[in-house]
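Data first, discussion second: the structure below is written as structure tokens.
As written, the chain order gives the labels A, B, C and D, with residue 1 at the start of each chain.
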Amino acid sequence: MTKVAILGGSGYTALELIKILLRHPHVEIAAVTSRQRDMPHLAELHPSLTGRIDLRCELFDVERLTTNGVQCVFSCLPHGASMVTVPALLQRGLRVIDLSADYRLRDPDLYAQWYGESHADRMHLAQAVYGLPELYGDAIATAQLVANPGCYPQTGILGLAPLAAGHCIEPRRLIIDSKSGVSGAGRTPKLTTHFPECNESVSAYQVGKHRHTPEIEQVLADVAGEPIEVIFTPHLIPMDRGIFSTIYAMPRRPLSEHELLEMYRSYYAHAPFVRVVEHLPATKDCAGTNFFDVTVRMVRDAIVVLACEDNLVRGASGVAVQNFNRMFGYDERTALL
Amino acid sequence: MTKVAILGGSGYTALELIKILLRHPHVEIAAVTSRQRDMPHLAELHPSLTGRIDLRCELFDVERLTTNGVQCVFSCLPHGASMVTVPALLQRGLRVIDLSADYRLRDPDLYAQWYGESHADRMHLAQAVYGLPELYGDAIATAQLVANPGCYPQTGILGLAPLAAGHCIEPRRLIIDSKSGVSGAGRTPKLTTHFPECNESVSAYQVGKHRHTPEIEQVLADVAGEPIEVIFTPHLIPMDRGIFSTIYAMPRRPLSEHELLEMYRSYYAHAPFVRVVEHLPATKDCAGTNFFDVTVRMVRDAIVVLACEDNLVRGASGVAVQNFNRMFGYDERTALL
Amino acid sequence: MTKVAILGGSGYTALELIKILLRHPHVEIAAVTSRQRDMPHLAELHPSLTGRIDLRCELFDVERLTTNGVQCVFSCLPHGASMVTVPALLQRGLRVIDLSADYRLRDPDLYAQWYGESHADRMHLAQAVYGLPELYGDAIATAQLVANPGCYPQTGILGLAPLAAGHCIEPRRLIIDSKSGVSGAGRTPKLTTHFPECNESVSAYQVGKHRHTPEIEQVLADVAGEPIEVIFTPHLIPMDRGIFSTIYAMPRRPLSEHELLEMYRSYYAHAPFVRVVEHLPATKDCAGTNFFDVTVRMVRDAIVVLACEDNLVRGASGVAVQNFNRMFGYDERTALL
Amino acid sequence: MTKVAILGGSGYTALELIKILLRHPHVEIAAVTSRQRDMPHLAELHPSLTGRIDLRCELFDVERLTTNGVQCVFSCLPHGASMVTVPALLQRGLRVIDLSADYRLRDPDLYAQWYGESHADRMHLAQAVYGLPELYGDAIATAQLVANPGCYPQTGILGLAPLAAGHCIEPRRLIIDSKSGVSGAGRTPKLTTHFPECNESVSAYQVGKHRHTPEIEQVLADVAGEPIEVIFTPHLIPMDRGIFSTIYAMPRRPLSEHELLEMYRSYYAHAPFVRVVEHLPATKDCAGTNFFDVTVRMVRDAIVVLACEDNLVRGASGVAVQNFNRMFGYDERTALL
């Protein structure tokens, strides 16, 4: 049994994480923190948890977490808040899975450029492991700090990794056209996510400026062994959950669809949550699961990758538990099937 | 040609009103006011108006409206704000259609009880005409101040008026179970109208406490000539627009469905926007229109009325224009078909 | 370990059932039958099952099921088909949970009247136990044939049972106004469930004629010990899943909200899947779960019960597994939390 | 006043066309044909037309249309059916606007290749004018036969035309990633458009195989004066209406966003329904209108065009009326604002 704590309990990723962990036979949720003053019961924050967990939020207190025997902390704090909170945890020897963006970009200057503030914890940044189990599984197993990947980046990275690893594609002008459900925008009400504004509508946002761009490029460059440049366009879709990414890449040599599918199957042969399918996938088929579904097509001389996932499970809290399982020696699939 | 002004241009009823008035051959929108400091162009507030109207918002200024030749003012201000703004307009001789709730309840004590503040303009309250053309058409024609009806109330009132007028139903325990699209909650972002909260969900709200209750009772009592008591339950439905009300009433004497339908047809024989249908209506069939669709069924010994409308057109801005047309001598249907 | 078979694998209830049973530590799905000639793999029928179960559909063959050691059969066949298939299973000593309506109404004449054909298996009809664990839990445990309850009826029955049991309400003119997601209409494409027809729309259907009416009345009469008459109005709501029922009843004696809530809490004290809440529930909070959420309000002199559930889990396949757990001696909650 | 007839009245484009034409001050809808045997009233086919038009469907009869004085026929027949029906109309001297795909591709072999049957009316194919008013406005004015453009093609063509006309972009590997509401799939129920299948889901379909591909390439080649190759990926989005296309093109020479926007503004200076905007457009802002909204961004060295329209109005019936207005000498905007 492993005792865990969750920092920042009021958002969607925390809620999803709690629901998954409640199914985990080897986990006890010892604490959930919140900055809300009245320390609400979790069922007040999230009515869907009524009768499923009996816990009130508490203020963040490292001492108390350590005394309580917490071994692993999931940080669901927003970026900026994580990097000033995580150091104290690491210093006490706790292991941390950070769901924010704070430890994803290795280069603190890149962080400053895209997130608009200088990085407050360069020391630990250097030791953080990017939490994509299909690529960094071994390093995750022994990591003290795991930077849980972004929802969009996973679709771009997992969607292109077999091609990048095989040096099959031109490394520039990789186009990732992503369509996301609205829960990806978080739980804070805004005009853009107000129901009558975004329902029955599609629009693109942060075209060419989305912060997930350098994250995708960093990891794909790791895989490819050469610099990668992506053109990333996120869109808001009137549905709760799910990300669908349509990815366009130019092959360096002629490839058939059959060869491509084989390449993907081989690359993901040992990845229990990647489903290489022949049919065209739909976000609904992986909704609420930790599966990443992908297929490939040749259109004229271009490779078109069609990939999807649930943004809250596979894209955030599910993969966090997958990482947790690897870190603590549990079967990778525990609580996720 | 009649010059009009609109107060409070940033919400959904103002937007809908502008779209309808742009189709009106005898109306010129002379001014739209807003409390926003930067006086945005209407297309900035509402991108859908791009290229359709070239007007910036202005601060409210009675003098200026009068000088500009404005004859009619539509107030889309929230309740509370209307009753402190409208008096100045009436004193200058302008005619006013108030889309807020401020002039709907004749009894200022009832207003205080349901709206939580005392009424600031009792003088004009006494002269306001309730803007439901099917019931008060003649009075509207000559009114200086029209209290445009609430969206829910119209479905309850128009749905029960033929029965109330014919003294066919028990006046107590009238049950109005209403289902509304989310635009009815206005344009200010809130957690309850945040897309991932209200999408894929149904819930009731303000059960037994909704402010439209006394409005329905007041008007139905007018029609029935006796006190009326309703049990009103509003629900939030994951769609943009439309209200569907299912109404349960107990007949005082046995009535067949055929008799009931004839009663409705006869009552609304001269109402161009009321469609008494035999099939079960759907909100989609009147979406974006000024139609009110209604049918009646007998279930065991109860009368079940099924009624629907578009909450923004028929429920607010469309009926406001219908009232305007009556007030200024235009064909009631102008700009509404 | 219990071997089970599922009859009729192509619909939504079968899909949901498979997903739940895949999480059940003591169940092996030995067979899924289908009348489709090409005997598709389950992942072809339901792409979401890709990689989760490796089974092809087979034709229904009692002999084979028995030989394979199947002990329990879930019938997801449509009504009419179940009652001609189930007898052979029972004669072989198999236990059956029938998700169709065929064994729910005790009176075969009532069946004939509402379902338009005479009942083909009166013998077993007499021994069937209505599968609502909160009311018939002991009988379910020893039953050979369980008639799994309808989705709508559960909301009406569980919503009113505490009041009926306490003889607190008038037994006639009970109004059940239900709002259902579209998956309740099944998986066969029809114009009424074609996306552009039912999206962004609300409508009522089968007003006063829905087949779940006598089912609700039969069970509530059991509970109340007197005949019950309901006025039931189902509505179609543009969402995938969930049923919300707003129920209106007239009390025989004055009751406060506090007394009512206590009555519900006491009645359901030992029901792990009934959550008596104080806030107004929303279908989203029980979506995808086996929970039934309910609260009560007094509005004027009427009791208003607000109840909701997931129509596919609690309303069909989840409660079927809850029944299965009781029948085979497993913890009632297994695979359902 | 011009008398018109509509062939094939049961689908969404016919419904939308009727609604627009009912607002046209110079049009009389003389006949609507249907192959349904019982010749339903239009309000039976489309309940939303109740009380708006009093017309029953009739069987197609050229003689009768001519005798009735019909001057223009809108064909809403499916492809394949149009090309065997239209010739008789043209021979009688009627003018035809064909909303099917039958007369869009100039090359009958290309038609055979993409539509799977040989073209039945090569004679008139040669004289058909492609009905995109912004490109072929003068030819449309005098055409006897107008091939109304496809919904997707308009977004690709109008989105790229200024760049193609200016020879600013590489003519190959133009990527058009389109997202469409479900009404684009027509009114015939199918599993893919069954609400619980496509709601809360995104998927791509006919990747690299969609029939609108050659239509886009033909028209853009006209504009560019050189062959064009597009990679077109359509996606199904859970909303009723709207198409959003994200278009990726590589510039032949460096261009700033400012230059690009100026190029678009200049190109569409006289197009009343094209709105070149600076903000990122959303389908909701042009929903139900004949507007085409477009903006341009530079991302790294690629041009990203973001374009949207209402698929039923601008994408079909609205542009058909725009064409009609040009053909019969009415102001292009009549009935469309």
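Here is the rule we go by: a contact is a pair of C-beta atoms (placed from the backbone, for glycine too) under 8 Å apart; a residue touches a chain by one contact, two chains touch by 3 or more.
Just so it is clear, the structure is predicted and the values come from calculations on it, not from any experiment.
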Give the label of the chain whose average Cα location is farthest from that of subunit C. D
Looking only at C-beta pairs in contact, point me to the busier pair out of B-D and C-D. C-D
What is the distance in Å between the mean C-alpha positions of subunit B and subunit C? 40
Using the average of all C-alpha atoms in each chain as its centre, how far is it in Å between subunit C and subunit D? 46
Length of the line joining the C-alpha centres of subunit B and subunit D, rounded to whole Å: 36
Contacts with two or more other chains, residues of subunit B listed in rising order: 181, 197, 199-200, 238-241, 281-282, 284-285, 287
Which bits of subunit B are touching subunit C when the two form their complex? 173, 175, 177, 179, 181, 197, 199-205, 207-208, 229, 231, 233, 235, 237-242, 244, 246, 248, 250, 280-285, 287, 297-302, 304, 306, 308
For subunit D, which residues count as touching subunit B in their complex? 22-23, 47-48, 50-52, 200, 275, 277, 279, 281-282, 284-289, 291, 293, 337
Note which residues of subunit D are touching subunit C in the complex, please. 12, 181-183, 187, 189-191, 193-200, 238-241
